[in-house]
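Lettered A, B and C in written order, each chain numbered from 1.
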Amino acid sequence: MRTSPFFHFLMLGFFKERKKHIGVIAISLVILFLLGSALFISSSIRYSLNQTLAWEPDFVVQRTQGGQKVNAPTAWIDDLLEVHGISKVTPRVYGRYFFKAKENSFLIVGVDFMDEQSNKALRMMMDETDLKQFLKGDNMLVGEGVSTHLKTHFYPNGYTFLTPKGVFKKVNLFKVLPKKSNLISNDMIIVPIELAREILGMGEDEVSDIALNVPNDDEWDNVADKISAFYYDIHVTTKEDIKKAYENLYNYKGGVFLILFLIVIVTFVLILYQRYSMVYSSERRHIGLLRALGWSIRDVLKLKFFETMMIVVIAFVLGVALAYLYVFVLGAPLLREIFLGGANLPNSVILVPVLDFGILSSIFLIYAIPFISAVLIPTWKIAVTDPKEAML
Amino acid sequence: MMKAMIVIDNLNKHFKSGDDIFKVLKGINLQINSGECIVLKGVSGSGKTTLLSIIGGLDRPSSGKVLVEGESISKLPDLHISHFRARKIGMIFQHFNLFDHLTAAENVMIPLIPTGLDMHEVNHKVEVSLKLANIFHKANSAAGRLSGGEKQRVAIARALASNPAIILCDEPTANLDRNNSLKFIDILSQLHEMGKTIVVATHDPLFDTLPFESKIIPMEDGSLVDTFSKDTLAES
Amino acid sequence: MNEILLSNQVLVYLLSESILFGLLLIAFVITFGILLKWDFGSYSEQQFLLERRAYLTMTILLFVFVVKFLLLVYFVFAIDSLSLLVPGAMCAAGVISANDYGMLLLFLKLVILFFLLLWMALNSYDLRAKNYPIFRLKSWLFIAIFFIISIELGLNFAYFSHIDTLEPVNCCSTLYGQLEGANPLPFGLNIMTLLLLFYLIYIVVMGAMLSKQRVLSVLATLLFVMIAYYSVVYFFGTYIYELPTHNCPFCMLQVEYYYVGYLVWGTLFVGAYLGIVSSIMEIGLKEERKKEQTSALILLSIFVLLCTAYVAIYYLRNGVFL
């Protein structure tokens, strides 16, 4: 290989004195690993959420009383169907059922299996489910979190719900929902709509809320205004609102993490400054000799700069690769709880690998700029060593 | 007609330590012609090493001028003085000053790196100078494992690498036994024959009787004592 | 704290800019001290110390220059991704005009990069000479740059803390589109005359550079940058988007257009900067800068070819112009 003598010398020095660099590379790896993992997890979650939200209906109409959501009357459905531009009005029945033994709750979702499913997410989850068989008795489909929870409490084949009327209702576990939908289905129980009403204690003419689609995006604002004017106690939420709320939540979690991380970076910079001041002062004689042999300040700066860049690049590549392995291959044990935490059943979401320029460049900049800045002044100090040091 | 290689004009150097000013060199005037060999003799502290450093562009004078081939080097900016050191000066230090973890060849390569030559030319020059210093057989040995004499020869090869016109030696035999010192003088005479301008700062009496034409200039307390030429050829 | 400031990319960007500013502050203090005591003729220890210190300024400025360049790309990229958070914004155009600081900030960034490049050129000249002939000039230039960068830092924070995530902004079609027949082009030009000027000035720039008409080449290049900007936004851009009403300098930076915007604007600005800086050096310091001139020529030609190619390929494929 034809290299320039400069790089030849750079490599020689770098590898023959690699012990000097190992400490710094190790600290760098830890930092890059933490940062990379956090950003990978949060961006992957955001990606999955966006995927899931894409299936959500455009609008959700709820009834509110005193700011609290209450059940809406089925009569609303007919009114909504009157509005131009609205398609696929779907009544939804769902609610939380508290599992007394451990203060955990399940999300009961009632599905009208006679209707065509407007919610693609549900449709996807119930793919490969034999509906005829399912509807024959009191059956349920459960998310993976629910399934494990029930198993640990010795309900492997079904569960007996206690309805608000004080009646016991035994429901068989029919199937576990596919794992890929875990982000939303983890604590979910899907049952036929009548059964859901019974378990949740809702009347025949009540629904939890009403979902609807407006195919023309430009009409969203108009339709929202129109619906809001129907009743005094109606509340309309758009998909955009939900999306932004999630976006902000995860941006926020990532941002808070990053701010905490700044403290780490500052410490890192101080350590580096100290460390390099020390390392370089031990090289004083060597550098003085280089200078005596005809190296200019610029040549030494160049040498030290490339040395620093090599450390930065090596640590970056290794650190990011480790974080990638940890998050997307091992599934980010421990750290994921910070981001997925708050869910009441342990969730085992599969993190979908997401790797884009934004994340990589962010990791690189937040690591490399403080690093090089910290090394800059010690580097200059050593580069201006007097050549006469070699004579001493 | 000999051409003036180095002209030193009323050179002074002093150090400040606290309020005291410590004069190391006092009004030195000296002309060294191309191809001459000058031996600066004096006890340690006489200022010969400092004079050598200033001639080599490693140190700066407090006042006065050093002209090398007609150009003043004393106020050159770093880039140019370094360039000057890399191309015009071959330096041989008292303690060899080799990088112990590098091989002999790699040590010799160092002064060639900032000259911007490509790898092929650099390797060629390294080979030539290692052969000149008669140490080519140890090219790939780590410098730290070499004997004193071998180290000295690597140091000579390094000084010759960029084919400089001027060779400066600071106490070159201080760390050598008598045998190796004599070998060093042999190489020195070869360099003299190649037409190099040589300045040696030493207190070693061996240099009183060099086997080739040389000029011994004793130094004392920062001044040149006297200049006289001595032809030792006849005696040998 | 608003959600914009907590967005990862904005945080990273602001942190990076702040660190750079810290370094520049050190360089500023040093340079100011050097300017007060600089006396190249002196043999004093102090003068040699100052010469060594000047190297710290150089190191910092070189680092800042490289990073500022990368950060400009990152900035545009970050702004583009913020368009998800800002209602109404479809690309960076909407986000950058979310408040009054955005456009000014972007403009300042371009100005700063130009002056930093000029400083680099002056510095390399100064180092190559044997007596630091323009040391004071370049130091004052740095002090001026430092003040501009201070303003820029303030603008950075002002800009990002004043983006409202509830108030909808305009998208690029409203910002750059031709509303009610109003002509957005300068000097009352129409598309035809704009294009004529575009190619004409390009030829003048080439001619001036090749025939070493330095003053002419600086003026022509400046004019070319301006005309090229309008030409890309109002003509060539429409061929990149393949939509005659899409006038936007930012959308082409997105993945849908293979990030070609970075290449378009990069070749234009880097080419023009190199051309102008090297011409200024030749006028002021009478020094041949062949390499930079050649690079400028090549980059600007790539820019013109690239723009033209979009139109040509569209025509070849569809048999009509937009």
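Keep in mind that, in the parts below, contacts are C-beta pairs under 8 Å (C-beta built on N, C-alpha and C of every residue); 3 or more make two chains touch, one makes a residue touch a chain.
These numbers come from a predicted model, not from an experiment.
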Graph class of chain-chain contacts, one of line, ring, star, complete, other: complete
From chain A, the most remote chain by mean C-alpha position: B
Central subunit by CA centre of mass proxy: C
Gap in Å, rounded to a whole number, between the CA centres of chain C and chain B: 51
Centroid spacing, where centroids are CA-atom means, of chain A and chain C in whole angstrom: 35
Distance from the mean Cα position of chain B to that of chain A, given in whole angstrom: 66
Touching two or more other chains - residues of chain C: 52, 55, 127
Residues of chain A whose C-beta touches two or more other chains: 297-298
Set of chain B residues in contact with two or more other chains: 78-79
Residue numbers on chain A that touch chain B, as the complex places them: 2-6, 8-9, 12, 16-17, 286, 289-299, 386-388, 390-391
Chain A - residues contacting chain C, complex: 39, 244, 247-248, 251-252, 254-256, 258-259, 262, 265, 297-298, 301, 357-358, 361-362, 365-366, 369-370, 372-373, 376-377, 379-380, 383-384
Complex contact set, residues of chain C against chain B: 40-41, 43, 45, 48, 51-52, 55, 127-128, 130-132
Residues of chain B touching chain C in the complex: 16, 60-63, 74-80
Residues on chain B engaged by chain A in the complex (per definition of touch): 49, 52-53, 56-59, 78-79, 82-83, 85-87, 89, 91, 93-94, 97, 99, 101-102, 106, 109-115, 117-120, 122, 158, 162, 170
